[in-house]
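Presented below are the structures under discussion, each in the form of structure tokens.
Paired with chain B in one complex and with chain C in the other, chain A is shared by the two complexes that follow.
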Partner chain A sequence: MAKLRNVAIVGFAQAPIVVRDEHRVASEILYPQVRRALADCGVERDAIDYQVAGSADYVDGRPFGFVAALDVTGTWPPRQDLHLEMDAAFAAHYAWIRMQAGDCDTAIVCGYGKNSEGEPEHVLNLELDPYYQAPLGLGPTSTAALQASAFMARTGTTDRTLAEVAARNRTAGVRNPDALVRARATADDLERTPWAVAPLRKGYLAPTGDSAVCVVLATEGKAEKMCERPAWIRGVDQRIERQTLGSRDLSASAGARLAAEKALAMAGVGAREADVVELAATNPAEELILLEALGIGPSDAVNPSGGPLCGHPFMMTGLIRLGEAFRQLAGRAGDHAVPRARTAIAHATLGHCLQQNLFFVLGTERRWT
Partner chain B sequence: MNEPPKEPVKYVETTIHLPYHYVAGDVRARYLHALKEKKILGARCSKAGKIFVPPLVASPESFAPCEEFIEIAACGVVTTYCVVNIPVIGRNIEIPYVAASVALDGADISIFAMIQECKPEDVRMGMRVEAVWKPDGERQGDHEDIQYFRPTGEPDAPRESFLHRL
Partner chain C sequence: MKRPVAVVGVGQTQHSSRRADLSIPGLVREAADRALVDAGLDYGDVDAVVMGKAPDQLEGVMQPEQFLAGALGAHLKPLIRVHTAGSVGASTALAAVTHVASGLFDRVLTVAWEKQSEGNAMWALSPNMPFTPPLVAGAGGFFAPYCRAYIARTGCPPHIGPMVAVNARDNATRNDYAHLREPMTFEDVMNSPVLWDPIRYLETCPSSDGAVALVVASEEQARKGPRKPAWIKAGYSYAEAMWVPGRDQVSPMAGKICAKAVYDAAGIKNPWKEIQTIEIYVPFAWFEPMWLENLGFCDVGEGWKIVDRGDQKMGRHLPVNPSGGVLCTNPIGASGMLRLGEAALQVMGRAGAHQVDGARNALGHAYGGGAQYFSMWLVSSER
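Presenting the complex of A and B:
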């Protein structure tokens, strides 16, 4: 592995996820997060070289809706900026690439977009091809159920196991003050919830909500001054698969496996060494598929924040996983802290049935010396 | 089977219906509610003191919060304008008409407004104008509560008084 620049997460702020924010538009939810994230690092806006964001205009319901965020991210004097129509975790990856190119040393990465103002299920239907799949009315829950079914058939995973995976997330989420759902639920409780789309029950699904997120990235030399315990990015990779659902084996995620392998190889660690694994899994079958791709089993190291099952602000869920990994490594996870966490994996996904997967591997130690 | 159909399916018609339910947000709600009362609200930047109309949560320039609301005069000066001779998207307005940037007295940025009750060729930079409101009982708390701006007949404002508010 060639020597790369060491880049760390040095700041993170997230608006607690709510079902619907009745008082603020998306940019107004974002503004205090950018201020808090910078205050965390003890710097003013001018200390930041680059800004990049991820959101979806279809979530906002406004063409070019992302430009509204520019008014609250301190875009004066004129800044270098980029927007990705993707989960904001992918924007963090982009900032990392810019840093590798030597273009910038510091960046803010923002995720925003009020899920409550539109209909995410409906929007995601439109992500499918408009000839054969979208007209069937397939939404993300239906396609996730197709995948869950395929996974359960191949592995013999039972409904009970899904309930247990969901319950572990729900138990963890009780301790996360930013979670949308903080009510404890046992496997027995969740196994009794009605079917949403069998084999997925209502209790197994990730509730969407409103939030906004800001992550601050900095390169070695600056990172240490901005954060006492930076979370160093040791490895990162992303892979995408084909659009046509029928063309891939839905019972597993080849893309997640490859992205995880590449990111872990870059990081020089094995998945088993991770003290924290934050996965953007929107149902328990997805979580198990991702764990299989990582080559590890379910444990309390997975989603100590409660994960997306305790709050899924679509297009920010991945960046929150990265922020949670930072919180754990930086010793800022409060009640849901994993003691002495030194290595963390953060995952983001886009598309139906884990079509695109991004893995970050983070550590308390720099990768390159 | 190996030939495409004689009358190919040339089009697939898809109607996309995506409903959205926007909240105005507390800042906009206050501004819009004030319009109903024939008042225009701005917000002051806590760092640079600039007053933005309509009010904003933060100054896009200084990045500082704007927490103080201030009532702004419903009159000001035309800072720049254009004469529109092409149909207007989404509005039924007689052309030609004048679209102008109006810096309200006491505000540090301009709002966009129509200028009426004068000929387009009489509009000029520096011309003093005032808001013409919808009558009492007809204002809904939206941007159309101000129907347009019209000349006040006062002497023009000197250029240096508005050049920084273009």
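Presenting the complex of A and C:
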């Protein structure tokens, strides 16, 4: 592996996830997060070379929703800028690539967009191709159920196992002050909830909500001055697959497997060495498929934040995973801290049935010396 | 940029108001196939795909790159989707350049497109902002006041807009891919109805179906290629906030700063003397003199005089939009990348009937949002 620039997460701020932030527009929710993230790093906006954001116009149902964010990210005087129509974790990956190109040393990465402005089942139906799949009326719960069925049929995984995976996330989420759902729930409780779409029960699904997120990235030399314990990016990779549901093996995720392999190889660590694994899984079957792709089993290292099952502001859920990994490595995870965490994996996904997957591998130590 | 990056392949579709012969995957594939053939490469050679388009509401498909990944051979590859309003085609190409400059990718396919016939642009481009009465005026209604302010500020006479429109159409007659190629006269433009004062119907860009794809690659790949590459000397994307007291929408600071950054990095001291042709984003005719000033080709108030003298025509000092530009072809998301791709074709010496003689340096430019997003590159025949 060629020597790359060491880049670290040095700041993170997230608005606590709520079902509906009634009195603020998306950019108003974002503004305090930008200010807090910069304040945490002890810098003003002028110290930041680059800004990149991730959001989707259809989340709040209007074109150019991201333009309003320019007004709260300190985009005056004019700044170098980019916006991706993706989960903001992919924007963080792009900022890292830009740092590898030597084009910037510091960056803010923002995610925003009020999920409550639309109906996610209908909004995300529009991601499917407009000729064959979208007209069927498939929403993300229906397609996730197809994937869960395929996974259960191949592996013999039972409803009880899904309930246990969901319950572990819910138990962890009790200790996360930014989570949307903080009520404890046992596997027995969740196994009794009605079907959403079989084999997925209502208690197994990720509740969407409103939030906003800002992450600060910096290269070696600057990172140490902005953060006492930076979380160094040791490896990262992302892969997309073709969309058509019938064209791929839904019982597994070839793209997640490849992205995980590449990111871990770059990082020079195995998945088993990870003390924290934050996965953007929106149901227990997805979590198990992703763990299989990583080559590890379920454990308490997975989603100490409670994961998306305790709050899923989509288009930000992935960036929150990256932020949670930072919190754990930087000693800022408070009540949900994993003691002595030194290596973390953060995951983001886009599309139906884990179509696109991104893995970051982070550590308390620099990768390249 | 850590290492040199070049354009090694350019492909575009036949643009028209309705490509009913193609689905959306067919449209992007037509451009991508042509770019890869041009580069002497195949889909298997591509390390990553960078896609751009304007708001998803234009076709009613959310994040359509997800369903287009298969058509673009992106299965099990990295893919990103860029959206920076009207500037997106240009910022997308520059994101692809960053991928190659990083040293992590050697060959990146970048694609931008719009299939406006599958939606309603006036609806999709009339955002309903909180606390703001909906104008339902589309982009023309939004930008007309900026043109009026330019006229008031500089004394630009009323014949300048029509002159720009006639010249753009004249240029498009020499571009095989252009959407609007029927010649028109000054009188035709003057006799067309005013849509949004001062913008007349024939001073307005069309709604087009179209796509464009570029292959950007490392120096090693560029040296191997079947054709002479276009070297990217510099490229930047800048944005500025909307609600800033004293912000100048007629000549936005983001455009000036972006142009200066590009010229400085490319070693251009006098753009008027050192750049032989430019492809700039002119969706409404009056923006041509406005951008000539904003981009530093002349002093404030002198842009319309360049048009008045005809110095921006083919065969004159600085041919502007030899392809016919956005006024003749406007698949919105692709329009910015078409500017950058056309600039590349000029310095490669492969622009065909609209080739500018002796084009060594060319600027490609796009803007978007409320004149807030600016993205441009300077390409050269010399490394």
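Here is the rule we go by: the second predicted complex is superposed on the first by the 369 of 369 C-alpha atoms of A that agree within 3 Å, B and C clash if a C-alpha of one lies under 4 Å from a C-alpha of the other, contacts with A are read in each partner's own complex, and residues count from 1 in each chain.
Following the convention adopted for this analysis, a residue touches a chain if its C-beta (ideal position, glycine included) is under 8 Å from a C-beta of that chain, and two chains touch if they have at least 3 such contacts.
As the structure is a prediction and not an experimental result, all values here were calculated from the model.
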Between chain C and chain B, which one touches more residues of chain A when both complexes sit on the common chain A? C
Touched partner set for A:76, first chain B, second chain C, both or neither: both
Quick one: is A:131 in contact with chain B, with chain C, with both, or with neither? Answer first, second, both or neither. both
For A:351, is the partner it touches chain B (first), chain C (second), both, or none of the two (neither)? second
In the superposed arrangement, does A:118 touch chain B (first), chain C (second), both or neither? first
With both complexes superposed on chain A, which partner does A:25 reach: first (chain B), second (chain C), both or neither? both
Once chain A of both complexes is superposed, is A:170 in touch with chain B (first), chain C (second), both, or neither? neither
Chain B versus chain C as contact partner of A:58, first or second or both or neither: both
With both complexes overlaid on chain A, does A:45 touch chain B (first), chain C (second), both or neither? first
Residues of chain A that sit at the chain B interface in one complex and at the chain C interface in the other, please. 25, 58, 70-71, 75-76, 123, 126, 130-131, 134
With touch defined as at the start, can you tell me which chain C residues reach chain A in the complex? 1-2, 23-24, 54-57, 59-63, 65-67, 69-70, 74-85, 91, 95, 98-99, 101-104, 118, 124-125, 127-130, 236-244, 247, 252-254, 257-258, 369-370, 372-374
What residues of chain A sit close enough to touch chain C in their complex? 2, 25, 56-58, 62-64, 66-68, 70-71, 75-86, 90, 94, 97-98, 100-103, 123-124, 126-131, 133-134, 237-244, 247, 254-255, 258, 350-352, 355-356
Interface with chain A, chain B side, in the complex: residues 12, 14, 16, 18-28, 56-58, 60-63, 65
Which of the residues in chain A end up touching chain B in this complex? 20-25, 27-28, 31, 35, 45, 58, 61, 70-76, 116-119, 122-123, 126, 130-131, 134-135
